[in-house]
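Got a structure here, written out as structure tokens. Questions coming.
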Amino acid sequence: MISSRRLLVVASAAALAVGVAACGSSDDEATGGGSDLSGSIRIDGSSTVAPLTEAVAEQFEAENSGVRVTVGTSGTGGGFEKFCAGETVISDASRAIEPEEVEACEKEGIAYEEVRVATDALTVVVNPENPVNCLTVEQLGAIWGPDSKISSWGEVPGLKEDFDEELQLFGPGTDSGTFDYFTEEINGEEGASRKDYNNVGENDNATVTGVEGAPGGMGYFGYSFYQENEGALKALEVDGGKGCVAPSAETAQKDEYVPLSRPLFIYPSGEALEKPEVKGFVDYYLDNVNAVAEAVGFIPLTEEQLQASKDATAKLG
Amino acid sequence: MLLQDSKPRYGEKAIQGLLAACGILSVLTTTAIVFSLLGPMIGFFEIVPAKEFFFGIDWTPQFEPPSFGVLAIVAGTLNVTLWAMLFAIPIGLGTAVYLSEYASPRVRRTVKPVLEVLAGIPTVAIGIFALTFILPEIIQPLWPGELLGGAVGKPFMALAASLGLGLMVVPIIASISDDAMSAVPHGLREGAYALGATRAKVAVRVIFPAALSGIVASVVLAISRALGETMIVLIAGGSTPNFTLNPVESIQTMTAYIATTATGDISTGSLDYKSVFAVGAVLFGITLAMNSISIRLTRRYREVYE
Amino acid sequence: MSGGPSSVTPRNRLAIAGARATTAAMLRDQPRGDVIRNAAFAGLLFLAVVIALAGLLALLIQAFVEGAPALSPDLITNPPSTIFPEKAGFRPAIIGSLQLIAGVIVFVVPVGIGAAIYLEEYADKSRWWNRLIEVNIQNLAAVPSIIYGILGLAFIVRGPLDLGFILVAGSLTLALLVLPMVIIVAREAIKAVPDSIRQGSLALGATQWQTIRSQVLPASIPGIATGVILAVSRALGETAPLLLVGATVFVTFDPTPFSPDGYSAMPVQIFNYALRPQEEFQALAFAGIIVLLAVLLVMNSFAIWLRNRYEQRW
């Protein structure tokens, strides 16, 4: 029986060691710049904006090792819910705050400002073999609308090019802000879409492989995914009423790429901005956002837009 | 007098109570599960008619206008489970028969631990393997042309998830069936051999029927695991609710729906939120049903040797 | 064959073997068709084993091939990075996973062993409430892991316990998931201890608890330990429940058990990396799989060694 008892002791010691090691190592802070800022900043919201916020948070933490920033991805709506309940101090959003959410924040007494941080150009991609260069918003609506029965490119109304491949549609899940925005702008109502497209859920990579592999393939996602895969896919120009415009940094910044360029926001809360670490973070965010935006595939703000954002923050804090 | 029962030891009773409490925790857990599902589920059925839910084949909760026919995602679950079992049962049973009747002890000693390794692989790894290898390198090159719509150009596929699921449950079937077959008394085998039967005949006609209860139990256990699996189907099966058993289409299972929606952009108390619990309740119900079938089956087929 | 080695080529060998088998079959009065059928049957069985092993091999090889470019000490020491995928690592996820399973062990060992002891040593099986407990444990072992996620979300993170999205909530959720498994294995281990040991102890005047504590439990510890290790392996690789109880945030710092700032875990981080477009993240996901598989392999080997070393033969 002695060996069993020894075994028990060894086992518990091992478990204890694991626990202590795990807890103990949290004391090793990453080597970072010393600063006096400390505390924790909880951010949640859009999974589109998250890569941008994550990148800023990463660099901020490297320079301020006493601050912990967490970035969640519950979605724009989920983020606002937590924000207006006081659970987060900044909300990432790929659309403007909606009236019900405004009410909820007012009820809890949460003051906030809408701070634009970047622009995203929702890109519609097709297979490189596809001769079509430009589609109007109406044509896109005809293809993606809830009652659409179009199954081949030949059936697209008003198509100038001679192309009749079978239409293979790829799109994000109904959970995503990208889906919400696309359906709202192209089909007139958020959530209104034909149901028989290839739903890639969270995995936009699958849209890339899908459209690449199907001659009549078509999909949509954020600009960063297009940038990552520029050689493999063709981006369509979109005619929002003023002629065919290709998605790019310039066209999005100048508001020419309509209606698929969308502003991306963060919503800091007034109360949080009174804390030095949050104020420091938001200031750092705006000071560095343009550099970071390019790195993660978003379209940076113009000088004007950046100044407007800084003014909005100053108004709150 | 020394051997007579003195006053009761309260310490003993206290310990017994403490231990009983540990056991009762299991009942509490089940109760908690039922309760956590019940509230939002009732709220769900106040808005969505039960007939639409249980008999509808269109599951599009976040489209405008939404449709709540759960059969679409139930079909997705059945789809992947069916094809997974069609793969796993022959492979698993074949492996079990081989290990128990044909393999030398050395082969057995090497293969059994390797099967344990297969059983221990995290499902997220199997899911990524299914999506990035099974789908493009195995299914798409080997699938006959346009059969059932063809496999080319599909980013997700029920069959890819099925094969991944199948790989995951093969060790369950193989291990438990092998144990069951090995437990058959040697006397039965030796008697059959003495009568001139070949190894194949012994395996199929003598051992297999004798071990049937264990084999059936292993298959039922495997089906339960496959029905309840989330990550493999989430990664490789797709997110398109599709009322079909066609293996080369994109589908969405109940588990994948719960995972996607609960981590996505929904607000507490909304209809989407409640639908997660309604689907969870259906899944829980199916699991309980399968489990009682399994218990009843093992009880009925248990063979007595002595 | 007496003709010297030079006359026995591979083709000859095959022919010789075939001739031998057929002759032997005929001598045994076995129709040739049967021989072929038996051989085919054995061949199919062997094929089944080969397919199963090939599947496992393909998975491992793919993980190594795709993940090798990202393998480096950075993996363990660096936090995740969105801007510098080359420098990204799994550090918070690894620490998170270690803390999670430490929590699972702390909860599951006393409760699991306690329940097993109760069911095997104290419970009167004819009572309905004891049968209810048994049935419950069997059912819970079959419940899908995502349902435990829902339970965790509704009862532990919110609801009565209201712990919030903290690491301990994740630990508790995982513990509930693997508890039935531990109870079942512990019961088997306790059941394997022969009754004679118990009777002998009681005959010498020990109480029931004294018997359990000094005779039954120590004898069943190797079996119980194996069960705990297997349960911990399962908990280490689980993703679905953690997705629901909050392990999905982006954390670059080392998580702690009670901090409301969020936590991460290995399988969740792997899942997260696999969904990003950049190729470096794909390689990172595979590298993470390699790390996770290595840890699991070590744990399972330890369990097997434990079982073999301390197995009691009565």
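By written order: A, B and C. Residues from 1 in each chain.
Everything that follows uses one rule, which is that a residue touches a chain if its C-beta (ideal position, glycine included) is under 8 Å from a C-beta of that chain, and two chains touch if they have at least 3 such contacts.
Predicted model, so just to flag it, every value in this text is computed and none were measured.
K.L.:
Quick check on the contact network: minimum steps from chain B to chain C?
P.N.:
Counted as steps through touching chains, the separation is 1.
K.L.:
If you count the C-beta pairs in contact for each pair of chains, which pair comes out on top?
P.N.:
Per chain pair, the contact count peaks at B-C.
K.L.:
Any idea how many Å lie between the Cα centroids of chain B and chain C?
P.N.:
Here chain B and chain C have centroids separated by 15 Å.
K.L.:
In whole angstrom, what separates the CA-based centres of chain A and chain C?
P.N.:
36
K.L.:
Out of chain B, which residues touch more than one other chain, so two or more?
P.N.:
Residue numbers touching two or more other chains: 234-235, 263.
K.L.:
Give me the residue numbers in chain A that touch at least two other chains, ranges are fine.
P.N.:
Residue numbers touching two or more other chains: 73, 202-203.
K.L.:
Send over the residues of chain C in touch with two or more other chains.
P.N.:
Touching at least two other chains: 248.
K.L.:
Touching residues of chain A toward chain C in the complex: what are they?
P.N.:
Touching chain C from chain A are residues 1, 3-5, 7-8, 11, 15, 18-19, 21-23, 25-26, 28-30, 40, 42, 44, 50-51, 54-55, 57-59, 61, 68-73, 202-205, 208, 224-225, 228-229, 292, 295-296.
K.L.:
Would you mind writing out the residues of chain B in touch with chain A in their complex?
P.N.:
Within the complex, chain B contacts chain A at residues 58, 60-64, 66, 152-156, 234-235, 238-240, 250, 252, 260-261, 263-268.
K.L.:
Quick one: which bits of chain C touch chain A in the complex? Just the residue numbers, please.
P.N.:
Against chain A, the touching part of chain C is residues 79, 81-83, 95, 98-99, 101-102, 105-106, 214, 218-219, 221-222, 225, 248-257, 259-262, 275-278, 306, 310.
K.L.:
Quick one: which bits of chain A touch chain B in the complex? Just the residue numbers, please.
P.N.:
73-78, 81, 146, 168, 170, 173-177, 180, 183, 189-193, 195, 197-203, 206-207, 209-210, 213-214, 217
K.L.:
In the complex, go through chain C and note every residue touching chain B.
P.N.:
Chain C reaches chain B through residues 30, 34, 37-38, 41-42, 44-49, 51-53, 55-56, 58-59, 62-63, 66, 110-112, 114-115, 117-119, 122-123, 130, 132-133, 136-140, 142-147, 149-151, 153-155, 159, 176, 179-180, 183, 207-209, 233-234, 236-240, 243-244, 248, 267, 270-271, 274, 285-286, 289, 292-293, 296-297, 300, 304.
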